[in-house]
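Two complexes, one shared chain (chain A), two partners (chain B, chain C).
Right, the complex of A and B next:
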């Protein structure tokens, strides 16, 4: 659904943030977009929302360039930014003004979510806390029912019960017609929701794999003595938890935090294993 | 639902189903929650829930009525009992034996505790 090819971007008089990025996003999936601070996650999301223009390459939705900002495309994209300012309006008024831009917007869904988040339509946005404002935007984004929903650090500012609510909402929001991209540092908040991992590093895509391939090729846990030589990456601070090539071992749950650190420390090695280019025991 | 780190989430969902069937919360030929409902309840990607449903179907614990939903199989309870018993004997018990040896626990001691436990349970039932 979304096709990014050879994308390059830098801010004025600044270093290159994204260089030669090529990615595909398809509907029915929840993508996790990861990367260390300043690796261009938010920039990529803004490019996908048509808010920034690529210096080179393109970002297309169903073969239409998103930087053209065609109405037909823009009404199918909604972005919840990490940081934002909202006007001094009631939630109800905010919905009235913004909903008409999104043909598939569902009022019922929006007010159900607002209630679920313990907010009321009469409340003024300017009187809400940051976390509450974020809830309004998340509720709006989900109810807009756009083909593409972009969420930049959605759980930042949410209290503990709201994180669980957020996961429930996302689990119910994704369907065959929707593609959800979530950028985050809060791996633990979203781990069970994501089914595809994209990691940015040094202005490039260093990892881009579905969960199914990761759990098929990699094994996460404490390595037994006889498997020490198969360790791809390990950390004492994780109780010596390690990433190994799975081979014929039982499937384990993907440890996203460990995977992220493993990719950042040595992207080639882990990619070769997942793509099946290298085997641990070559004779 | 709290997920433990080692086991794939879809198998933890499978265990959650097994438990509901074993405690007779979900009876034979009774309709069970949909993929979407399960995904929302346990806060996972629906694809993960689908994997759990597929696994349960392969084990013939549940079956699908097109357009209606999923149901516990006629022999659902028996099948689950067999699967979980096999797992207990094959995986859990050897681990307990290993720990017994490590801690130097005699079989007689365990038997005594077990008899006591059974007695208590039976007393409670009366």
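Right, the complex of A and C next:
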């Protein structure tokens, strides 16, 4: 669906944010895009939405360059940014003026989600909290039924019940024709939701693996004494959890936070262990 | 393959712009309406009739200034750091964005504001008709000056549309400054041409009958070319440049 090759980007008079990025995003998946602050997660999301143009390389959707902003591509992309402003309108009016641009927009789905988020269509957006505004935008994005849904830090500003509500909605939103990319540094919020992990570091893709490969090759937990030599990464405190080669051990639940720390501290080793389908360039 | 120009999307975008700006539009129309009403009532005072030149003065000032403010307001969303993403994310082509903005801030604005000013002026006349000295008469809005003002706005406004897209901060000031700079450049260029044609002798301005003929010819021929350039080339060219600027615009 989305093909990124040799992508390089920097803001004017600024350091290179993304360098030689090559990734593939296919439909039917929910991708988790992780990285430390300033590693270019939001920039990559904006490039995928056609809001920024690559300095080198390309970002294509069905073989069309997204920076061309062709109408047939733009109607298949929706993005929920991290920080945004919504106009002073009722939710109903907001839907009325923006929905006609998205041919697959479902009014029923939108108002169902609005009700699920405990909001009323007559409420004015200016009177809502940031978290509630984010819910409106998430509901709009899901109801637009675009093939590609990009979410930048979607759980920022959401309260605890809303986070699980968000996970439920996202899980039900993805189907064979849709691809969802969620950029966040709050890895715990995406627990049990994503099925592919992409980690950015030092302007490059340092990890790009499906969940199935991770759980097949890695083991998460407290390492026994006889397995100390298999430790790839351990938390820097006594008796803490570690990432190990799975070998013949029982499959464990993937600890995203631990995985992220392991990748950031030693990307080469962890990539050598997880040798599944390699999508991106690994440093 | 989807159409790159769709009139339905253009009308949806115009409707969206009107809804987003509805608060500002209502306030501006109320203020403009009040001013037109007062000015018309004042012009009736004395001779009990609204003369064309009296009405067109206040109309011109309000028509031009509100029109330019409206032009800049249409692209406000594009320059706002936190809402520009939605504007650019909308599945609308650059051509449709330019056409929608131009139709709204130029063609539709001219028709709506003229009608609005006419109605308010006519209401002022009707209000005064309660006095026996003032007879009911139609507001003489469609004078020669009116058409000159409308033509000026129609052809020059696209330059401000371009300014509204190009500049992200102090947009009105920067556009006016750019217009002044362009004017001076053309003026200096003309001076250089004049210097070249007359061989450095600026005394052609004396009462020599040859110079009178030259000026008559220049006014007749060059002004015609100038009017043609400014009316049929300048406006569309500005719209074309606006289109390309939108095409290459990224969010901040």
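Operating definition for what follows: the second predicted complex is superposed on the first by the 271 of 283 C-alpha atoms of A that agree within 3 Å, B and C clash if a C-alpha of one lies under 4 Å from a C-alpha of the other, contacts with A are read in each partner's own complex, and residues count from 1 in each chain.
We adopt the following convention: contacts are C-beta pairs under 8 Å (C-beta built on N, C-alpha and C of every residue); 3 or more make two chains touch, one makes a residue touch a chain.
Just so we're clear, the structure is a prediction, and the values are computed from it rather than from any experiment.
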Chain A as common anchor, with chain B and chain C clashing or fitting: fit
First, second, both or neither for A:193, with chain B first and chain C second: first
Contacts of A:77 with chain B and chain C, given as first, second, both or neither: second
Partner chain(s) touched by A:226 [first = chain B, second = chain C, both, neither]: neither
Partner chain(s) touched by A:255 [first = chain B, second = chain C, both, neither]: first
Chain A: partner with more touched residues, chain B or chain C: C
Touching partner for A:108 - first (chain B), second (chain C), both, neither: neither
Chain B versus chain C as contact partner of A:51, first or second or both or neither: second
Which of chain B and chain C A:164 touches, first, second, both or neither: first
Lowest C-alpha to C-alpha distance for chain C against chain B (Å): 27
Set intersection of chain A contacts, chain C complex versus chain B complex: none
Touching residues on chain B, where the partner in the complex is chain A: 3, 5-9, 11, 36, 39-48
Footprint of chain A on chain C - complex, ascending: 1-4, 6, 8-9, 12, 15-16, 19-20, 23, 80, 82-83, 85-86, 88-94, 247-248, 250-251
Contact footprint of chain C on chain A as seen in their complex: 46, 49-53, 69-72, 74-75, 77-79, 81, 83-89, 93, 96-98, 100-102
Chain A - residues contacting chain B, complex: 28-30, 164, 167-168, 171-172, 174-175, 192-195, 215, 220-221, 251-253, 255
